[in-house]
Amino acid sequence: MPLLKPLADHEMSPEARSVLDDIRATRRTDYVNDIWRVLAHDPRQLRITWENVKQVMGPGALDPLVKELVYIAVSALNNCGYCLHTHAAAARAKGMTDAMLHELMQVVTLASQTNRLAIGYQVELDARYRPEAGRKEET
Amino acid sequence: MPLLKPLADHEMSPEARSVLDDIRATRRTDYVNDIWRVLAHDPRQLRITWENVKQVMGPGALDPLVKELVYIAVSALNNCGYCLHTHAAAARAKGMTDAMLHELMQVVTLASQTNRLAIGYQVELDARYRPEAGRKEET
Amino acid sequence: MPLLKPLADHEMSPEARSVLDDIRATRRTDYVNDIWRVLAHDPRQLRITWENVKQVMGPGALDPLVKELVYIAVSALNNCGYCLHTHAAAARAKGMTDAMLHELMQVVTLASQTNRLAIGYQVELDARYRPEAGRKEET
Amino acid sequence: MPLLKPLADHEMSPEARSVLDDIRATRRTDYVNDIWRVLAHDPRQLRITWENVKQVMGPGALDPLVKELVYIAVSALNNCGYCLHTHAAAARAKGMTDAMLHELMQVVTLASQTNRLAIGYQVELDARYRPEAGRKEET
Amino acid sequence: MPLLKPLADHEMSPEARSVLDDIRATRRTDYVNDIWRVLAHDPRQLRITWENVKQVMGPGALDPLVKELVYIAVSALNNCGYCLHTHAAAARAKGMTDAMLHELMQVVTLASQTNRLAIGYQVELDARYRPEAGRKEET
Amino acid sequence: MPLLKPLADHEMSPEARSVLDDIRATRRTDYVNDIWRVLAHDPRQLRITWENVKQVMGPGALDPLVKELVYIAVSALNNCGYCLHTHAAAARAKGMTDAMLHELMQVVTLASQTNRLAIGYQVELDARYRPEAGRKEET
């Protein structure tokens, strides 16, 4: 159960309303996720967060689908069920197949596993990766 | 400082040696990261881990570079410096530019930020994302 | 669903009962949260935990409400829904307004965001913050 | 060692330079932390992050020192050494005493401990904290 | 609600079926946990994961019950309710009593607490634990 | 570098001194880890923490070595290098062999891996593990 209830359009301030209108226009859908309706309790926070999402998840150096995959990976690490479900839906809409989802989870779990080994054994960085060594070929 | 010292080739068992040979052949380089030399203390663990890495990071439904980016994202979440440095090198070798690294970090930090909001406010999943509702358009 | 069921007063040992009596007296309420009723399965653990809570959350160098805010911040990071709900209630009873809750969440998410950047880029500590440099003005 | 080197003023773009000027003006100091010099590799990210920091850490519903304490708590949870050192310095400049730092750490560790108990035993939320029950007195 | 539905035996591929048969034979039970039925969407991942579980949780240098206790500790840290419930059941079947579960949770919460102190105060490793010092008696 | 410097015996209060004396007597060694010397800045926190460590890590339902192994597992998850090194030393003194350390790390990484899968796919608890189902055989 949520700490704050999601606000319906008529319950929020005009400033919050205008952010929701921008979400609808940008995403070309009438539906607005409940996370935005919770954030609408504080219109300033709502606006900052949405501007950040719009800018970071928009066109850039990485493919939009790749960004959604990274987002899902982070959400799996943070144990955020809400984020996993909503971004899995967004990723499917951008072309994620079940095979891609499976492989994504495999990479996430592999990295969690090998991260634990490097941390657990306190492995020190190889000399060749240190800045003074310059960058070498892949290893 | 490491809990166990990385083993030189002549200090490890023949079984561990053969795994390192496979790493060299698969990656087409003579250099083998210290994490493998630490794992070499237990040849069975070394072999299991390497087989898993080889299979998961090899060809599949996702692009190899995308997998490295996801790996870096997980390493940033797990605060694994060793993993960040070695996989940033691997990702650069597969084509990651500085602009891509910056955008990757932006997605990771955005997801960490919005994950915290969804978790902190304990936002419940919108009805439309629940299985009984069927899948709808992106939101 | 819990691993162990919360015990009613008549189901617990006299030693556990006496801890619950102290919780009631200290908090001036008849109601005792279920976490204490779960811990009551092991009276020694119940007593240690309660003594610690009573001492740390009681009067000291920090304002009691500030401590509740820090507690909520930690609970948001640990993704503990139980802790978020019970301590949000405690914080409201000590004067937390909705505006303060919103700003708290903004600080938590900002710190999560910038922590990720410092970790992800493996930023090293500026020379001026190192002990040998002495402490300088705020930066 | 960092993934990207901190840029000196003359190495960064005019857009990044102007953000650093605003940091200097806002904080009334010539010194700019290395995290900003790392972010300067991507002026857009630098600007977004700084605008967010300036707004969230500025005047609002919570006392500026309280915000620094929450920031330190999050950094301790995230194991971010860079963040702990720089924000401990900022908090001291805003009035944090050693006694307050000790008590802050006690609250952080207490919350970590009791969070683990609530999570480990999978304690379910008491009926009285559920939305349909309405809000009651502190417990 | 799950991202992917657990598959019944007749819905999965023959390769996945054969892994489930091995799980049943190894554990001497007809019941197979839903996690395996979710992984069955990708038979390769199912097989890798099961081979790893069978090998790591099987006979070795540590007692099987000790391994289950460590597994539960990790699950409590990762906030994985599914993992806590299924492995608490497995641990009880291997002899875990309620007293052992309580003491396990106490060690987990103690370690969480003292870890936070060491991290929060950024305590540096004592000289005697550094490799060049050689190993000394317990401290 | 630490936020607070470890105190020498002559720099701490008599109350803190007496806690260190008890650590020496309980552990039968003259050496006291630096974490205690950092906590000595706040004698009350020092005493609470030590009493808790002494009680939880002392004789009980679990073998002392098992407790050290769980402690190491938690430290690997929390990425606490200080804790890993000091408790690996303590565990070796209580009989941990290299083979046991390797197997411990395998269990920790396996649990991290399978936890991520259960979380990532948001697997729901099987009906048979729910309280109303009663407890069944191992699965």
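Chains here go by letter, A, B, C, D, E and F, matching the order in which they are written, and residues are numbered from 1 within each.
In this section, a contact is a pair of C-beta atoms (placed from the backbone, for glycine too) under 8 Å apart; a residue touches a chain by one contact, two chains touch by 3 or more.
On a predicted model such as this, the values are computed, not experimentally measured, just so you know.
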{"item": "Labels of chains that are neighbours to chain B and to chain F", "value": "A, C, D, E"}
{"item": "Between the pairs B-E and E-F, the one where more C-beta pairs touch", "value": "E-F"}
{"item": "Farthest chain relative to chain D (centres taken as mean CA coordinates)", "value": "E"}
{"item": "Centroid comparison with chain F (C-alpha atoms), farthest chain", "value": "A"}
{"item": "Centroid distance [mean C-alpha coordinates] between chain F and chain A, Å", "value": "33"}
{"item": "Computed distance of Cα centres, chain C from chain A, in Å", "value": "27"}
{"item": "Approximate Å spacing (C-alpha centroids) for the pair chain C, chain D", "value": "17"}
{"item": "Overlap residues in chain A, where contacts from two or more other chains coincide", "value": "1-4, 52, 77-81, 84-85, 99, 102-103, 105-106, 108, 110, 112-117, 119-122, 125"}
{"item": "Complex contacts: residues of chain B adjacent to chain C", "value": "72, 76-77, 79, 81, 84-85, 105, 108-110, 112-117, 119-122"}
{"item": "Touching residues on chain D, where the partner in the complex is chain B", "value": "1, 3-4, 41-42, 45, 78-80"}
{"item": "Chain C residues within the chain A interface of the complex", "value": "79, 84-85, 88, 98-99, 101-102, 105-106"}
{"item": "Partner chain C, residues of chain F touching it in the complex", "value": "1-2, 5, 44, 48, 52, 55, 125, 130-131"}
{"item": "Chain C contact footprint on chain D (complex, rising order)", "value": "1-4, 6, 27, 29, 31-35, 38-39, 49, 52-53, 56-57, 60-62, 66-67, 69-71, 73-75, 77-83, 85-86, 89-90, 92-94, 97, 99-100, 102-104, 106-108, 110-126, 128-129, 135-139"}
